[in-house]
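Only one structure is covered here, and it is reproduced in the block below.
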Amino acid sequence: MTERVVVDPITRIEGHLRIEAQMNGSTIEQAYSAGTMVRGIEIILRGRDPRDAWAYAQRICGVCTLVHGMASIRSVEDALKYSIPHNAQLIRNLMIAAQYVHDHVMHFYHLHALDWVDVVSALKADPKATSELAQTVSPHWPNASTGYFADQQAKLKKFVDAGQLGIFAKAYWGHPAYKLPPEANLMAVSHYLEALQWQRDVVKLHTIFGGKNPHPNFVVGGVPCAIDLNSDSAINAKRLAQVQDIIQKMRTFVDQVYVPDTLAIAGFYKDWFKQGEGLGNFMTYGDFPEKSLYEPESCLIPRGVILNRDLSRIYPVDLNADDQIQEFVAHSWYSYSGGQTQGLHPYQGETELNYTGPQPPYTQLEVDKAYSWLKSPRWQGKAVEVGPLARMLMLYAGNYPQAKELVDSSLKTLDLPIDALYSTMGRTAARTLETKIIADKMQGWFDSLIANIKAGDTKTFNETLWEPASWPSQAQGVGFMEAPRGALAHWIVIEHGKIANYQAVVPSTWNAGPRDVNNQAGAYEASLQGHVLHDPKQPVEILRTIHSFDPCIACAVHVTDPEGEELVKVQVR
Amino acid sequence: MVVTGNLKPVLHEIRHALQTLIEQGQPTMLDLNGIPFSPSELAELETFLGQGEIALELDVLGKTRIQECSYAGVWRIQHFNEQDKRIGYFIEVDHVPEILRSQSDDMREGLKTLSGILAMETEVTDDSI
Amino acid sequence: MSELSLERGINTLKAQIDAPIASFFSSCVSCGMCASACSFYTENPEPRYTPIYKLEPMRRVWEQNFTLLGKLKVKLGIAKPVTDEMLSQWQELVYNTCSLCGRCSLICPVGNDITYMIRKLREGMVASGHVPEGLVGASTRAVKIGSPMGIKLPALQAQVKHIEKATNMQVPFDLEGAEYLLMLSSMEIMNYPEYLEAVGKILTNAGKTWTLSSECFEATNSGIQIGSSDIAKELVSRVVNAAEKLKVKTVISPECGHAYTALRWEGPNLIGRPYSFAAKHIVEVLDELREQGLLPTEGMEDAKLTFHDPCQLVRRGGVVQQPRNLLKLVASNFVEMTDHGTLNWCCGAGGGVSANEDANEVKMKAFQRKKKQLDELKVDTLVTACANCRIQLEEGLEENQMDLPVVGLTELIAEHLVERNTINEESRHD
Amino acid sequence: MTQFNMPTVGEQLRENGISRRAFLKFCGLLASSMALAPSMIPKLAEALEKATRPSVIWLSFQECTGCAESITRAHSPSLEGLIFDTISLDYQHTLQAAAGEAAEQARDEAMQANYGKYVLIVDGSIPLGNAGYSTIAGVSNLDMLKQVAKGAAAIIALGTCAAYGGLPQANPNPTGAVAVADIIKDKPIINVPGCPPIPVVITGVIAHFLAFGLPALDHLGRPKAFYGQNIHDRCYRRPFYERGLFAETFDDEGAKQGWCLYKLGCKGPITYNACATTKWNDGTSFPIESGHGCIGCSEPGFWDFGGLYNPVSLPSSLSSQHVVFATGIGVAAGVAIAALNKQAKQQAKQTREPVNVDQLNREVQL
Amino acid sequence: MSDVLFLQWVKGPLFSIAVMIFVIGVVLRLAEILSLGRAKNLAVPKGNPSLGGWREIGRRFKVDQGTFQQNKITVIAGYVFHVGLFIVMFLLAAHIALIKHSLGVSWPNLPTPVVDMAAVLSMLALVVLLIDRLSQPVKRFLSRRNDYLVWVATFLPLLTGYMTYHHLWLSPQWLLGLHILSVEALLVLFPFSKLMHTFTLFLSRWYNGASMGLRGVKS
């Protein structure tokens, strides 16, 4: 009899994810990924003002707090053929980029690092050796003295001695899979705390342009912040100086801490460059336009699909084609009126909440039936992986110079072949490398913004299509973007100034979705196959691979349909 | 130019606090972060309060700068964090700002350390004999 | 023919209610300002004398027949119906304490023409039989005898003879093609024969052809006062017929306010067609003569004198400036009352009140308002241009022991007239 | 986990080499962030000195993790300060190292060791429509909440979802989402709404709870100290509202000069929160300062306020079509009623009989 | 019911219903009135009737000295009330936004403290008018239930609006909700009460003025 290993909750992610692994001895034979929470945001969106949609959609996720708002706004703008001023485009790019840098760093240190870093082991480190290590890894980073690390260690020691480990309690400390020497652990723990401090400061870029973070504000047709260098209540010289400062801070941290740390840690876990690949199919929608989203060729990240690791061939993606992107519900708690085997394009997105799982409390899901609140999106029927790895591969395949250089030099440093990218650690490294590319790009967008303002262009909002009276009675559009976690798109149908249908297919749905009608596994499920668990009671291996995707499950689980209303009413009673 | 209209009331509050201090010996503290000001009003407030005779810098969890304003008994207390960013701004109306006084706990701690060192020195001296 | 009844009354009211009335009732905000405009209220400050309140029966008929909410109330049985008792109670309000003077209609801030409504309400009062005896008598005499005071042609002829004897002037009867047909009021014939003498003198002196009609000399119209269009129509038709028979250009309404209203404003509507002649008040005619230089006068009254504007002339007739033009010719010390012209206060006797014995007491109370105006001025002479007013003023002054002569405007002018033969004589002397 | 002889916050700080003077500074800043009057600083110091580091269990239900993200943005006291010095965060999905069974075990042990004394923080609403709508470790949110609430000294319902139902509860509430207070009736609950709440408000509330216990709450269960201020009343743009100067679009002259955003739909007038004074992310800015109206995110039901860009007072469903439609009905009904009126009047006219004096005389004699 | 649900309800369906009743009612009432017609006047006019109509619409805003002396309270308080109400209704930014939202037209607004002052004066005037109505014999005598109902219906929106602006007593949601509810009550009551004078006043003045114009009466 085979054993079932269940990890629920998967912590240090966004949302509610459950992994069930069907074991063959100590090897994972089949893995099942289940989203266990649903809110029904699309039902809620129906009938509302499309200009408001971003705020609702944004709350799909508080971690990638910006992306759904942005995708939503782009969907409305696409539907209405609503162009935005260049300044607004640049500010949006800066905000999205800031989200990348912030999100990726936080993911690495606060969500992912503890899979590789043993906090308790850090107590055994020699502060002096740690200082030496730190100075080798990041020669320019100031916090690297022996005294500094001694202080950090002392603080940690008191904390551990007091017996209240708090968030560090009950982790798999001492598990043999942890391979870092104590000094590297101490350095990483210190950077964990530094990153916490750093992210608080750099996130202010969102606050300056969007008023707050999490959940900054946007507006269809531009950005809400006006520019006036002489006003103390607009984006003025002081604000711009602050932004410049933040960009600098971001780049410094990425260059001096994040990238070196990733490579340093990766060096100790080379075996993780060999497992956790998954599908071998990758997809991007593209993002960061220089001018406008309607000129895809000006996007920093190109659009396309790579199949079976074949970097020589990029397939085009059409977001509006009925037969390209479809969602399946064969193993999801939804029902299609046309039968469970159907695949539907999001414009036709027709679904119904239909929980058929075991009544809680349960110990195991019925994986041969429906087992997740996620749907299974497919591109031309194929399961694809989205996210940093997909993007780095796309940039690499497209010969983007910086990408090529970063990937090649990193592989060289680690002495690894290109195929090492298709792995758990490869995914994590790709995330780090793209962070550097995007952080570096920020300076260019900022300079363009300054140049525009100096040239007297302070336009940030296009008011021409603001009033719903100016809209066609019927419109539909798709807002796509590259969210930190991967390709994201929202499809909107507008009728008489109101939302008639709203569908979001998000990165974690692509990655974390369950099996489809043909029993094709999703990216998570595929990536876990073949993992060997040292101790099924402490399945740190599962966490490593799953965390390498940076799951964002609240994003993935929200795809419900207006048709579900009736059913819901029955169930509310 | 944005004007919140909060400047005048705050100045009156300071005047009142000073009067209370003189008449009843009662100190007062105002948290300027709790009162919305426009940048221009804040600048106006600074100018109005002016510089007095004392300017001190404390090193506690980052810097803290204390200045007596041009009105004796009115102190401007600005707290900074380790990154030297101002994180607190108070006006204290008192003979000496509370935070300047040496605290009993710290003094006890000091006494203990001092005694310890002297005891140790005595020991060392004794040994050397 | 059926008898007068509540049903007929209500039916008549329904036929009378038109868009203006519906609008007026919809607009009333119960501000009470009409009360202060009404001398019947100000001198008898009883709330029920508030002009708009006098219309309550009509308001109910309107509400219950022509508004959704009112019809609903009727259906639900919560509407207060108009009853015979109600109408008998209201008879006092509608007839005794309203002279149709129109002052409330001028004051009302929302613009309600209360007078217009009272006039129409009286139609319903007539149809339901709730009318004062005095007015019934006057109407009967007017219809049957030809004048409300019961004066017949011989009486007029006797007066005419008197005048002809005294003045050497020919008073023509039934002169076809004359420019003016002079109409009279019984009061003038009986109480102020000097009026006819004065008009005759002036017209003759101006070289105008004029005439009286032996078929119809009475211009007052009791039908208007009692509020019956049927009766009013019959009476006005007599004037029209006489005028058309004699082919005159202009019919002169006498110094009587409501006669002017009846002839000038209601007549064409009552007979259902425009006149073939013009209808003018004597004061309008005199002022025209003045303009044409046909009214030479001499000498000035030194006495301090004021003018009482007859309501139907000013507020309901637009004749405001003409009497003043005329007074300027002959009076050096003319003063205005505080409220004059369109704002003038009623003498208290118009609109049928003088013919209504029931109103005797209340009308003398209402006169107090006029008295107050006069007391303020302390004048030597009071001039007016309405025989009805003149009688009331004289009675009122007497009752209040005020020694103040009341003079008709026309007579006053006539007194100062420079007669043509005199002019001729004088020019001959030159 | 065995019960340790827990040091007080004061002891802990001193052990970490923090002087009393530094502690006073810390308290001053804390008081400022807690919106306490400066006169309260000595009392805060005294109370905090004696407070022990409580165990905190954080449950995440129908949420977006924005609230947890928000607390990581807290500057003073910072998250690490809070975790290391003042609280023991024993269960928190987003940050905790352990996962799966181990994580659940950590929660069980913290609950047992501190039964009756731990603080429960909840973010996210709880779906009642179907137990399967949201589960953790196979346990429905409802069951887990009830189970953990039992031993809690107090509950902090963090974010508008936990406090009032929030986005999941927005019309038509597809999952039957409810707030913590809809389920738990026998424990003190502090609602800390906001989408998400302001970082320092979260830490301020926790610090207040440590030092003084339950803060004074308003009628919506929110701490008055942070939610006693109306954003509109405290807004630096308020003077423009008073003068009747409004931005009409997002980049017109008014927008640039910082005029009031009322006409662009600002919900400040009906929103109680500390944004206008505390601001966001270390006092950097707040939505209104950055040109977008307040969306009212700390108020119950704010998602159904009737449009982000409609002024608060606007009707949410009336449109000019209604007016046109009603006029149409009115005209149609008017024509009908006019016809009735005309008919009634016509009939009265036709049936009216003329009056003559004989009839009158008979009447008078009667 | 929570304050927010209440607000959503009054702001949403209830407001639409109230506005529709108002519009239907007013059109209906005007149809009721105008359908009764007006006979053509056959008398030769001495002046211009329609000119008189228009003149009287304007002229009635003015009160003659004598009438003013006798009705000081009614006139002054009446004016203060009406002008105040007009300012509050049509010159407050929030109300202009509402009008723009439902009718698509807008105009500049007044500074809010001015409007606030107008609201206070308007309410004071209403109180004075009520006291006057209760103490003055004529007014008390004329007053029907309708008059008092309309007073309450007019006063409440002002009061709740004032309270909403100043955050008195209840949460702003409750207050705004109550304010809107009170306006809805006013809207529903409007066509079926003396509030109709807002519209019919112009008709009345015109009719009366036209009659005066015909007769050549210039007041």
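Per-chain residue numbering starts at 1, and chain names A, B, C, D and E are given in the order in which the chains are listed.
One rule holds for everything that comes next: contacts are C-beta pairs under 8 Å (C-beta built on N, C-alpha and C of every residue); 3 or more make two chains touch, one makes a residue touch a chain.
Fair warning: this is a prediction, and the values are worked out from it, not measured in the lab.
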{"item": "Contact distance in steps, from chain A to chain C", "value": "2"}
{"item": "Steps needed, at minimum, to go from chain A to chain D via contacts", "value": "1"}
{"item": "Chain centre separation (chain D, chain E; CA means) in Å", "value": "38"}
{"item": "Chain centre separation (chain B, chain D; CA means) in Å", "value": "35"}
{"item": "Mean-CA-position distance for chain B and chain A (Å)", "value": "45"}
{"item": "Set of chain B residues in contact with two or more other chains", "value": "2, 38"}
{"item": "Chain A, residues touching no fewer than two other chains", "value": "201, 232-233"}
{"item": "Chain D residues counted as touching two or more neighbouring chains", "value": "75, 236-237, 258, 282, 337, 341, 345"}
{"item": "Inter-chain touch pairs (all)", "value": "A-B, A-D, B-D, C-D, C-E, D-E"}
{"item": "Residue ranges of chain B touching chain A (in the complex, touch as defined)", "value": "1-2, 38-40, 83"}
{"item": "Contact footprint of chain C on chain D as seen in their complex", "value": "337, 341, 344-345, 348-349, 351-357, 359-364, 366"}
{"item": "Chain D - residues contacting chain B, complex", "value": "14, 18-22, 24-26, 28-29, 31-32, 35, 37-39, 41-42, 75-76, 234-240, 258, 276-277, 282-283"}
{"item": "Chain B to chain D touching residues, read off their complex", "value": "2-5, 28-31, 33-36, 38, 58, 60-61, 64, 79, 81, 85, 87-88, 90, 92, 98-99, 102-106, 109"}
{"item": "Residues of chain C touching chain E in the complex", "value": "17-24, 26-33, 35-37, 41-42, 45, 47-48, 50, 52-53, 66-69, 105-113, 116, 264-269, 272-275, 278, 314-318, 320, 338-339, 342-343"}
